[in-house]
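Common to both upcoming complexes is chain A, partnered first by chain B, then by chain C.
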Partner chain A sequence: MSAPIIWIAIPFFVGIFSLFILRERSSALIGGVTASVLALIAMVLPIDIALLLGSISIKISPSIQFFGRSFEFNTADRPLLVVVYGISALWFLGTEASGTSRRFVSLGLMIIALLTASIAVEPFLYAALLLEMAAMLVVPLLVPPYQKPGRGPVRFLIYQTLAMPFILFSGWMLAGVEANPGDLGATTQAGIVLGLGFAFLLAVFPLYNWILMLMEESSPYVTGFLLWALPTFIVIFALSFLDHYAWLRNSSQLSNGIQFTGVFMVASGGIFASLQRHIGRILGYAAIAETGLLILVMGLKSSEIVTITFLILISRGLELTVWALALSIIKRKAYSLRFNEVQGLARTYPVAAAALILAHLSMTGFPLLVGFPPRLAIWGELAGQSLGTSFWVFLGMLGLLVGALRTLAVFVMADQGKSWSMNESLTQRTMLALGIFGLFILGIFPQALQPFLANLPSLFEHLGQ
Partner chain B sequence: MLILISCLLLFVTALTLIVLRVVQPNARYTWLVAVGGAMLALASVFIWLAQMPFDLVLPAWQPVRLFTTPILFQADGISWPFAFGIAGLTLSILLTSVTRPVFVNSFAWVGTLALGGLGILAVTTNNPLTLLLVWAALDITELLTQLGSVDGSANNKKVVMSFSARALGIGALLWASIVSISGGGVFDFQSMSPASGLYLVVAAGLRLGVLPIHLPYSTESILRRGFGTALRLISAASSLILLGRIPAGGLDSFATPFLLMLATTAAIYGGWMWLRAPEELNGRPYWIISLASLSVIASLSGNPLGAVAWGCALLLVGGALFLASVQHVWLNRIMLLGAWSLSSLPFSLTASAWLGSLGFFIPFVIIAQALVIAGFIRHALRPAGRDTLDAQPGWTRTVYSSGIILLIALQFLLGWIGWGGAFQVGAWLQAVIASLLTFGLVWAIPRFRVLNPIRAHWVTTSTTSLLNDLDEGLGSLYRVLERISQAIIVTLEGEGGILWTLLFLALFVSLLRNGTP
Partner chain C sequence: MVMDIISWISVGLILTTATTILINRDWRVGLGALAVQYLAASWLVTRHLPFAMGSAKLITGWMVVAVLGITRLGLTNLEHEEDTFWPRGQGFTAILMGIVALITMGSTLSIEAAIPGLGLPVIGGGILLIGAGMVHLGVTSDPWRVTIGLLTLLAGFEILYGAVESSILVTGFLALVNLGLGIIGSYLLMAGSSPLEMEDDR
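Coming up: the complex of A and B.
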């Protein structure tokens, strides 16, 4: 069997199959188990190396041809597949607890399969098409059946679709630049077109307003999944560009531009988060700030770009899962998610409130939580390069912290005499407790991620070598 | 390894109490287990003296290329007095608990032991990373404990505000480390760049409620005497240790006099409120603020040993006073020996307090110190109105008294041995002036109305109004910023949002193209 069939075709077809399963719990279990098994296979079985089990020899071939394009995974991709399918398993297992519709699992599996295909496709520029297809599949998740789509999903689709021609066009231009690197005009044009493509894909300022609209209009769990899945693969796609074209890596102007964009997103995301009165929108801004961090890291002049990026991506996966799950549970009680509706909720939904606050604190880089080690690594690299940039990033994190503290204050400000009670179901409590445990364990022992992180730089030929 | 042994003794004892509570809820020897564990911990910390200085290095975070600083604890002349004080306080709390109305294996004992262990870890941290982690653990513990023990919207808000101040302190420590790294330093206290010294003071000041002055602790908590004392004092000690770690020359800045002024104001204000507090538990936040301010002042004057001395006084002298829950004439008189520890007279615990250069601020610092000592004497000699030990069995009386006397004995012991500030003559002239002023104040208290205790509810009212002013000021600023952000959001998310977005995008592209950023 070939690797693309295992990690692309199987989840895609399981996704289609699970569309016909009516029970929410079965659907969540199928999604969770499938993703877990795929993560386990990636962890255990080598690619392109024969494995002898008694008299049986198993070998996963690395590539497959499809419509003239090659999809290929090699050994270096295994830790990435473990991380992607491991975190996906968390999302799918949390479906029942979040009360999200059962098609989330089926469409989610298909989306992850398409996004995984975007890592494997050669030439890598075709990843843009797969990303666009994944974005289209997200739309049915965001819009409830038989309802008119709100402005958020429409704007999301517009921006993602606008990105594709820019990326494809830049690919064509970059080939020309590689052939004639002295042509400054063409280089600048290619850089700008490429930058615009990624600006739309990664929702940089001011293109991120669809995120906030979705946080108000759609299910927080689905939007959280979207905010984890798409940027994760887009960032890997962007790193592929940096890896592929030497002039992109070596251009100080581009590097400055990337850093500037990242810092602007972190600072604006943090400051706007501190001024919100809607806990869903606060999640949106926190995700924006974290995407800003990812962009900032890509602009660092460091050999540790890949390691730091994946450190952030893993922590982001866990944080967003816990946060979005807690938000979904709270949304059932307080539909609008505005401060005036969620006031004092910590007394009636203590586990959900605690999980939400801890996930939020983690995104601010609060020590002991999973978000702290990656931020510490960023401070270590960034402080040596520019104290001014560090200040703006610090300000953004401070804004997020203010947002977390305000949310905490609102949650605990219950009326006199209101007693404590736990209104979360057993499944919800279990999932949230597991998430909280993960936030702390990976925050205190980040070395637990080392087996995955150690080999990730080999995904890229030039970056991080 | 010895650090680990001391902490484990406390943690394992706490765990044993939990197990006993589940397995044998009616066991009558649990208190003995708790006291035994605390006693062993105190003895083990004393044994540190034989090997100091020594380190405890935990396995490094990976990848090591990114996390070059290990998680490191160190026992040395700065951390030992704090660790010894914390171990002593933990034992003392358990010993004095025999007079509490409910004397059973409670979570308060477990909490006290665990907090003692965490406190020892906090004061032995030897780099910002380790301190950040332990601070965070302490803050989350305190937040959860407080939220579980207070009621009502306003009190819950106060708890969050105090957590916020401490979280900002964590931020200030992080920023100090960033500044140090940008100046070519690394992530440890010894090689931190001088530019970061001031931020370290701000970090400690924010956590202690000194810079700017604010009440970091709610006065409404039901956890008052036993566990409450551990929570307050150990938390304060964990912040004060930072002042002892500030590198030499790290505070030569134009902002130092300004911070000295703020700290002196906080010390005088805290001392005044402490002097006039109706009873010691109501005045405890002011005790912490005034002693912490004196510690900050010592640090800003370039005397880290003085900062440690005031920190130890906060723990031991305050601990003895706050744990004394019964009326006992002889014990009250013995407790007055704490005034000696606060006096900074030669060979006292705080003898090294004023070895730095205070310049213009000396008179104000003397006033603050005198207010604190006079307040202490007033509270130690408080009139009757409390329970007595007469109705208690003989062993209870002995155990209770030994708990209080232990902390007083430790004050004297630390004045003589074990660390850099021991057996010092210090700035004796300043100490004598402060002592004379203290006598004057003690004489004046019953004679001048202005020095009389204020009513209990006034303590809360005055504090609240101060915080309310700050709260309202910040609230107004917040509302202005909120309106601005709302205007931007409405523009970008409205009907014409896409056009506005594309316009912004064109602007950015043109900026990037010209290489402006």
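Coming up: the complex of A and C.
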């Protein structure tokens, strides 16, 4: 069997199968188990190397031809597949606890399969088309059949669709620039077109308003999944661009531009988060700030770009899972998610409130939590390059911390006579407790991620070498 | 020579249909214009791609039109979201389309000079559709019109991209994207228009 069939075709068809056949409860289980098994296979079985089990020889071939082009995974992709399907399993297993519809697992599996295909397709440029298809599959999740579509999903669809032509054209233009690097005009044009494409894809300021709209209009769990899945693969796609084109890597103007964009997103996301009175919008701004961190890292002149990026992506996956799950549970009680409705909720939903605050604190880079090691690494790199940039990043993180403290204050602001009770179901408590455990364990023992991180730089030929 | 004439007629058709879609409020007229627009666009695509690939684009486009048409036929009580900004109205959109036409005339020659071999009708048709799509997306957030706008924009992009990239996989993926947009557009139109179905989403 070939690797693309295992990690692309199988989850895609399991997604289709579960869409039509399975019932709600078993759907979450099937999705979680499928993703876990795929992560396990990626961890255990090598690609393109024969494995002898008794008298049986197993070999996963690395590529498959499709309409004259290839989809290919190699050994370097294995840690990435483990991370992607491992975190996906968490999302799918949390479906029941979050009260999200069964379609989430079905479409989620198909989305992850398409996004995984985006890292396997050769030439890598075609990933833009697969990202667009995945984005389209998200829309039915964002808009339930009984709800009139708001502006958020429509704007999301517009921005993601606009990104695709920009990226495809920029790829064609970059090929020309590679052939004639002295042509400054063509270089500038290609850079602008590419920048616009990624600005739409990564929701760079001021194109991030759909995130905040979705946090108010759609299910927080689905939006959280979207804010984890799409940026993860878009960042890998962006790194592929940097890896393929030498002038992108070596251009100091481009590097400064990327850094400025990242810093602006971190600072604006953090400051705006501190001013919100809606706990869903706070998550949105925190995700924007973290995307800013990822962009900032891409602009750093460092050999550690790949390692730090994946460290952020792993922590982001766990933080957003816990945060979105807690938010979904709270939303059942306080639909609007505004401060005046969630006041004193720590007494009635203590586990959800604690999980939400811990995930939020982790995103601010609070020590002992999973978000701390990547931020420490970023501070280390930034301190050596620019104190001005460090200041603005600090301001953004401070804004997020203020947002966390305000949320905490609102959660515990209850009448003295109000008694404590635990209204989360057993499944919800178990999932949240597991999430909190993960936030602490990976924060206290970040070296547990080392086996995955050590091989990830080999995904790229030039970056991080 | 005949080919060139047909190509220029296609550009004229694109200008007419794009303006009709933008100005006319009757969905039947809009969809009919979109179907004709796909015919003109697929002709321009065949200037650089094999006829079979151009036909695939035409069939995909007509399938999208059919999907949207069937969905719209089934919806009797659809309210159109009124534009909430000024300036607005048919006159305003006609002026915007005029500006797009002027920009197209201005930029076609310089693009042909920068990328020789594309052909003036191909560039003109592509830029016109992209511009019309952008105007559409700029003046509305109604899911129906947004879908039509995105499809128009993509049709323009496909004309230009077909001239520089001839991969079958890309053609196939673009067809899927077009079909997907049509289906998502239909879904957005239907969402909220039928009685509450709570058993699916707790």
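Note that the second predicted complex is superposed on the first by the 462 of 465 C-alpha atoms of A that agree within 3 Å, B and C clash if a C-alpha of one lies under 4 Å from a C-alpha of the other, contacts with A are read in each partner's own complex, and residues count from 1 in each chain.
By definition in this document, a residue touches a chain if its C-beta (ideal position, glycine included) is under 8 Å from a C-beta of that chain, and two chains touch if they have at least 3 such contacts.
Predicted model only: the values in this text are computed from it and were never measured.
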| item | value |
| --- | --- |
| Clash or fit, chain B versus chain C on superposed chain A | fit |
| First (chain B), second (chain C), both or neither touched by A:V412 | first |
| Partner chain(s) touched by A:P153 [first = chain B, second = chain C, both, neither] | second |
| Which superposed partner A:L387 touches (first chain B, second chain C, both, neither) | first |
| Touching partner for A:Q253 - first (chain B), second (chain C), both, neither | first |
| Which of chain B and chain C A:T161 touches, first, second, both or neither | second |
| Comparison of chain B and chain C by chain A residues contacted | B |
| Touching partner for A:Y126 - first (chain B), second (chain C), both, neither | second |
| Which superposed partner A:I192 touches (first chain B, second chain C, both, neither) | first |
| Lowest C-alpha to C-alpha distance for chain C against chain B (Å) | 6 |
| Chain C-contacting residues of chain A that also contact chain B | 151, 155, 158 |
| Complex contact set, residues of chain A against chain C | 24, 66-69, 99-103, 126, 129-130, 132-133, 136-137, 139-140, 143-149, 151, 153-155, 157-158, 161-162, 164-165, 168-169, 172 |
| Complex contact set, residues of chain B against chain A | 59-63, 65-68, 129, 132-133, 135-137, 140, 147-148, 151-153, 156-157, 159-161, 163-164, 167-168, 170-171, 174-175, 177-179, 181-182, 187, 478, 481-482, 485-486, 489, 492-493, 497-498, 500-501, 504-505, 508-509, 512-513, 515, 517 |
| Residues on chain A engaged by chain B in the complex (per definition of touch) | 151, 155, 158, 188, 192, 195-196, 199, 205-207, 209, 212-213, 253, 256-257, 259-261, 271-272, 275, 304, 307-308, 311, 344, 346, 365-369, 373, 376-377, 379-380, 383-384, 386-387, 390, 394, 397-398, 401, 405, 408-409, 412-417, 420, 444-447, 450, 453-454 |
| Chain A-facing residues of chain C, complex | 130, 137, 141, 143, 146, 150, 153-154, 157, 160-161, 164-165, 167-170, 172-174, 176-177, 180-181, 184, 187-188, 190-198, 200-202 |
